[in-house]
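Next come two complexes built around subunit A: one with subunit B, the other with subunit C.
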Partner chain A sequence: MKIIPAESPAPPGTQALSARAWSALLLAFLLSGCHAPEQSADTDSAVIYLVEDVPAGLNYDGPAASLHTSQVGIVNLMDPLLEYAASPEVENGVQTSDFSSFEGSLAENWVYDPAEQSWRIDLRKGVYSCAGNELTADDVLYTFARAKSVSGAAPVGWFLASVASVASFDTSVFDNPAKRRLGDEISKLGRYSVKVFQSAPNPLFPHILTSFALRVFDSQEMRKHATESDPWSHQYVDEQTSPGFGPYCTERWIKGDEFVLTANPYREERAPSIKRIVFKRVPLSSNRFVIMKMGEADLSDRLTPREFEALAGLDNLKVIGLTGNETLFLHMNFKSPPFDNPLIRRAVSAAVPYDWIINNGYRAQAKQWLSVVPTRYPGVSENFQPPPGGLEAARQLLSQAGYPNGKGLEEFQENFQLSYVAEKQIALGPIANAIRAKLREVGIPVELNPIPLTQFGDRTLVKRDLPFALSDQEKPVVVDAGYAIQLFFASPSAGGVNNMTNYHNDSVDALWASARTTANPSARAEFIARALDQIAADIAWLPLAEFKTQWATHTELYGFRWYPDNSIRFSDLYRKEH
Partner chain B sequence: MNRAMTAEGSSRDPTTLTRMEAVAIVLTAVPILCAIFAPVIATFDPLAVSDAVSQPPPTLRELPSLIWGVLFEQMPAPHWFGSDSSGMDVFSRTLYAARVDLVIAFSANILSFIVGVTLGVVCGFRSNLATEFIARIADLVQSFPVFITAMILVALAGRTWGNIIFAMSLLYAPIYLRLTRTEALKVKARGFIEASTAMGNRPIRILYLHILPNSLGPALIQFSVTIGFAILLTAGLSFVGAGVNPPTPEWGAMIAQGSTQLVLGDWWVSIFPGIAISLTVFGFALAGYALERRFET
Partner chain C sequence: MTKFVLKRLGVGLIQIVSLMVLVFFLIRLLPADPVARFVGLNASAEAYAQAEIALGLDKPVLEQFKIYLLGDEQTDGLIHGSLGNSWISGSPVLYHIGLTLPATLELILLSFLISVSLAIPIGVAGATSPNGAVNKGTLIYGLFAGSQPEFSWGTIFIFLFFVVLGVAPGPLGRISPLTEPPDPVSGMIVVDSLIAGRADLLLESLWYLSLPVLTLSFVLTGPIIKMVRENVSQSMSLGFIQYGEAVGLSKKMLASDSLLAAVAPTLTLIGILFSFMLGGAVLIESMFSINGLGQFSLQSVLAMDYPAIQGVVIVISSLTLLVYLLLDVAQALLDPRLRA
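And now, the complex of A and B:
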């Protein structure tokens, strides 16, 4: 736990600047009496944020990296090198991003040199961590060296660097410990400049720098907490704080109860308007709903569609959100018969009650998903259509498969257990029920099987033996369809990572391999589009719905922006009288 | 049944029912009849999903005209108890849930009764290392908290009816074992057992004809009380997600589902199964008490 002293010493060389900053603040305060300010003068107020759980860890290479609140913690404590540029478009109270252009966060300039396949990155000067250490090239080198060490339980940093073809970030690190040391693939050009070499031209590089992983550590602070058995300070990051160059610092972290952030006292440029964020753990969405309704908190998320609907009509609250990258799909494992039969997959896709799911399951806060990658992502078209004809079509497909009215499918009863995360029973239970009812109508002997989240994760991501499941867990955090293909649909032999359904198609693997190595952007887009069409035709996943990422918040809170990790950057927020 | 007891006689006619007994009979008979005749009484398939999601039940003012319409004007039946978040009919599910809860409770109780009473009577009649061991094992099982142990057993074995019944039988058998053993020890010391032994009867005959019938009373009274506990345990397991799999209609699971919707004003999803379970458990507890009173007199 990092306690910020009440009067933190100013970083070296910043005293004079601080005095000027105070004068400017005073002037701004006096002027605010003359001009109605855009933002409220109440800049040091706290925001109380109700969450399912406080961060279980803050290590993006650690076991908690995939958990939502852990990612919220990480992105508010650590800044990335780049961010997607803000789009002028605001959808239902949330600003969107322009995924085709970037803006510097910790980086000031970034230039690609095609001749030597390298990126030169110049860092901002005068950026300080919560410990008062200035950001330098050593911090970037430390960050990549830590990622390459693959010393964490889930080496996400290494994976993202590898996806972006950062030179020598390949699978050899797992076989040869000597390869885990950072070489000259990332070199220091000066105190504030680094150069990163790629093994092949790969446009994903700037994208991965925006993600919640590969955010820059304060190397001095990290080294202070390194031990012989834990040279990369994983324990410190998972139990105390994640020292970075972000807008906030950890004030208090009581796992299972509370997580409190305070504004980084050394941050002068881009200082957050909201000075203190209190994450309160309230696991049940119905309890979060009641607390929000009573006006005892400022912000909450992960409520059920009905709860959002009920809060939207209240006086001091608003519900904001957009269809981002959260999706619902049916997982049918190609290694679990009869799901290896394309006719059975098509029969299931014909019988699923899409309209019921959208209108009743999500109370119209979702739309039918007609792709296998979030349709908000650039270059993604709606290329999936379930067979027309509904239940009748499903019956015909079953007959063609040799199971008229489902006769003979009892043999696979075990594989027709529709699993879903038991902790999401309130949201997913009714949808699973509706799917079960319709599939049984055509003779598919489905039963429901809610299982704990940990078991669900283990069986989908590690063992990959779950035959049939309803999942709303997966999202590609890098905004690129190619990344999604590699993550979910490419065969392990072709570099696939989380191919949960054991999908394999040689042509998809070949198209992805071509897309990955081509330097021509339009050829890459063409390869990816063809791969996506094939994946949709094979029903590698059965896409059901794209549901809104939403927040219930006080009407005075503004500045929300959507990022692909669905985490709020509290430094974006400000209060304004409604 | 117990000759000694009946020989003592009673001041009132044993064939007449007290008011308490009558209430107990009604309260236990209603859920049993609902369970048996659920397919006839239910107005919807209890597993049918519909578009009528989270519909409230009709108001008291609407009820007379709705009942008239359904009975005499061929109107489709409304959701008498409202519908849940899947659009399933709460009335039909409450009726069908009686089947699940009572079947599990009765099966587990009958199984534990047979095992417990058999072992209890043997342990009371014969005192040796094996019977002492059985009695101590029963003590050990009883020292574990029932709910937690049941939850662990079901979690380990899987959420099937058979496993729930087995887990509950394992936990309730020691109750019957201890009650019957205590009673058998008392009966064994009585003169007619000594006489029977002196007459050269074989131990198995003495056990079957004399010890067993005279040791059953407390276990029979306990049976009714344990049925109530078993219903509560079944519902409790489902409430915490360790009972029967959804969407099986089961009172505890329905209460759990409805509890999260109370804050949205959907009181009907959990209140009706809650009333059903309360009255049923109360009925069986009352029946146990009435039986005890009757045996005492």
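And now, the complex of A and C:
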């Protein structure tokens, strides 16, 4: 077994016992019955975080990168070059970010030169990794070179760099191995400075630097663990730790069980107040709920709305959270009749029980989503309104479509199977059932079809043949409405990445193409706003709700801030007596 | 006896190989492509294709099978003792099995130890005194314990002993999250605490395992008692027991002889239950946050993690066959007629 040994000394009381002492001890134990052993000494300083799962991997180019739990690990071990600036606003115990401005994390200065389409990045000096190595330009070069090597199972670093038009980070790397080597698109200007060239003006570049990917590796430490067959140390990062310049170091990582972080001993500036974080896997939300309730942990998330509601009123606990970028929508595939009929799409949108979903499905910890991009993102307005009139309007729309009271729709019975992720049955099951009930009331023959996440991902991302689905897991990781259009709504021929409903509108593609190529920020915003209006009018997705990202925590823990990856940065937190 | 064991081993080997081949091809027929889950929904078609290559799924199935068995330039195959790497974590499947199997074994061994220790005397007492209080109590308990599945009892026990009475630990696994586990030798925390000479860890792990073991024992003890009682009752009507009774042997001696005659079917039941629990303890593991083999199997199946699924099947089937082999040997030792 490969368990990373703890560097801390063994707890007091450790001593070898003789066989006789063992016998006596066992006998005493059996006779006296079980009793609660005393906890270790560091209970006060450590934070126990109950999680659905611990990181499966820490490699943002590796197989577990898409898992939220892995991202939580990555962002606490590795710092990015830039972060979004903190907003003075605090909503329900959580500080928000100002997505229109950036602050340096590992970068001290960053300047765009429009003449040569390049970014000069000057690094902070005196930043050290957990191995004691100082951050230099070589680390940034190594990070981009590794991303361009597309050597990992899921090349997320390359993908984000290509989305931001970093020069020569294009699809040719997949066809030609020679193109996978880093050239002068990123050059070293000095020990602490680099320059990054873009192939086109693209404002997404600073945004992608804030994400969980493209965080800077400690190149010395990475090279130390490279092998001939694995020159980019994927195995080391998959199995041991992700060596970066973040606030925490990996103390112990037992996959599927626990993940323990300790403060980076070499970090002087911005050193974390909480010195030790224990991620404990408790897969059942009901168990996380009772453990929090009994005061045996400091922090938990991914509880059901009802469980959060129940914890909110308890002594020593608080529930905090805000509407960030977690959304719920109905997916209606344009290639699956009758969803190619706009009247049917409108009828469905009229019949959906929005209020029930918000008040019962999310226990009022959500609001109706009136856009196709999270409304917290800059430049996104509420431009979607379902047809007024509810069920009556739905019936009229069905009649106009030639299906009075749903007669004739039984022909499409297969396509009215409402799919959702079976693993999310507790959260999505009741909502899917409420939608089914209302749609059946107007004659739409909906049946429920929970399927495993893997199958759901395959049919939405790869096959794109899922006719009708309820989804709460799609969110653009880059905080930009243009990125969201490219990701979900642009046609593949227009550069669309994951158009899972097979939506196609020439005008949207043209607007996105204009937004991509313009160097004028206000013109870009205008193109994007018009594209979003069209997408909403076409009901490319049927937006249902924006729900809160929530945490249940001890009342003494403060400093929570919301980031678009929905992961806590433990270095933000501190304890304060309530 | 050697011939008997070798014959059983040969049959077992054929069974494992057949199962491995079957599973390899069957999981690839399932209507889901695992790549999408690994690259996530923010991925491009090129990233998807790259992931497909990285996982080896771009190759024909027969070639994938050949690589799985024999390996290639980059990876070892099954014949080298490698089960491949998990697609979820990137770690070797053997690492995950080494981590999770001891946790499951620890849970079920402790549970069986308690169950068998309780079931045999209670079953014998029930059989020797059919109208006694023990027998009646056993009947009621059997009905009660068998009336609900183990996860239901687990929930009730957590609520009762942890939430209401506060006399048991929370469902936080095999040890407190704040405690550093002992250096892994066997992977079973109870055993490793003993090896490390850590009384504090031993007590703590027994404390944390108390509720899951209680739950599993509570469910397992019922059928074992029933099996012991039925078989002892039947053996008490055998001629040699009745002869012993007629010549005035003590009740204790009669019970002991009846138990010996009843051991074989009871052992069979215990073996079957044990094998079932290797993969079937998943609900208890989930309920008490124990990182066991059942949990790993479940995650692997949901994620379509082919190497992990194949690895788990090979390990569980090998262990099951080993248990059955041991049972066969024990039966053969008890009854020489079976060695033929």
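Here is the rule we use: the second predicted complex is superposed on the first by the 534 of 578 C-alpha atoms of A that agree within 3 Å, B and C clash if a C-alpha of one lies under 4 Å from a C-alpha of the other, contacts with A are read in each partner's own complex, and residues count from 1 in each chain.
The criterion applied here is as follows: contacts are C-beta pairs under 8 Å (C-beta built on N, C-alpha and C of every residue); 3 or more make two chains touch, one makes a residue touch a chain.
If you're wondering where the values come from, they're calculated on a predicted model, not measured in any experiment.
Visitor: With both structures placed on chain A, which of the two partners, subunit B or subunit C, ends up touching more residues of subunit A?
Guide: In the superposed model, C touches more residues of subunit A.
Visitor: Is A:Ala310 touching the first partner subunit B, the second partner subunit C, both, or neither of them?
Guide: First partner only, subunit B.
Visitor: Classify the contacts of A:Asp565 with the two partner chains as first (subunit B alone), second (subunit C alone), both, or neither.
Guide: So A:Asp565 meets neither subunit B nor subunit C here.
Visitor: Would you sort A:Val290 into first (subunit B), second (subunit C), both or neither based on which partner it touches?
Guide: In the superposed model, A:Val290 contacts both subunit B and subunit C.
Visitor: State whether A:Glu447 touches subunit B only (first), subunit C only (second), both chains, or neither.
Guide: After superposing on A, A:Glu447 lies in contact with subunit B but is clear of subunit C.
Visitor: Looking at the overlay, what does A:Glu326 touch: subunit B (first), subunit C (second), both, or neither?
Guide: neither
Visitor: Does any part of subunit A touch subunit B in one structure and subunit C in the other, and if so which residues?
Guide: 284, 286-287, 290, 293
Visitor: Help me check something: in the complex, which residues belonging to subunit C touch subunit A?
Guide: Contacts found on subunit C: 31-51, 54-55, 74, 86-91, 95-96, 98-100, 155, 158-159, 162-163, 166, 168-173, 176-181, 183-184, 187, 194, 196-200, 202-204, 206-207, 210, 286-287, 289, 291, 295-296, 299, 302-304.
Visitor: What residues of subunit A sit close enough to touch subunit C in their complex?
Guide: So the residues of subunit A in touch with subunit C come to 1-3, 5-6, 8, 10-11, 13-17, 22, 25, 29, 34-37, 39-40, 42-43, 46, 48, 56-57, 59, 62-67, 150, 152-156, 158-159, 162, 171, 174, 229, 234-235, 238-239, 252, 254-258, 278, 280-284, 286-287, 290-291, 293-294, 296-297, 423, 452-455, 457-463, 473-474, 476-477, 487, 492, 497-498, 500.
Visitor: Per the contact definition, I'd like the list of subunit A residues that touch subunit B in the complex.
Guide: 284-287, 289-290, 293, 306-307, 310, 353, 356, 359-360, 422, 425-426, 429-430, 432-434, 436-438, 447-450
Visitor: Name, in rising order, each residue of subunit B that touches subunit A in their complex.
Guide: Against subunit A, the touching part of subunit B is residues 47-49, 51, 53-54, 84-88, 241, 245-247, 257, 259-264.
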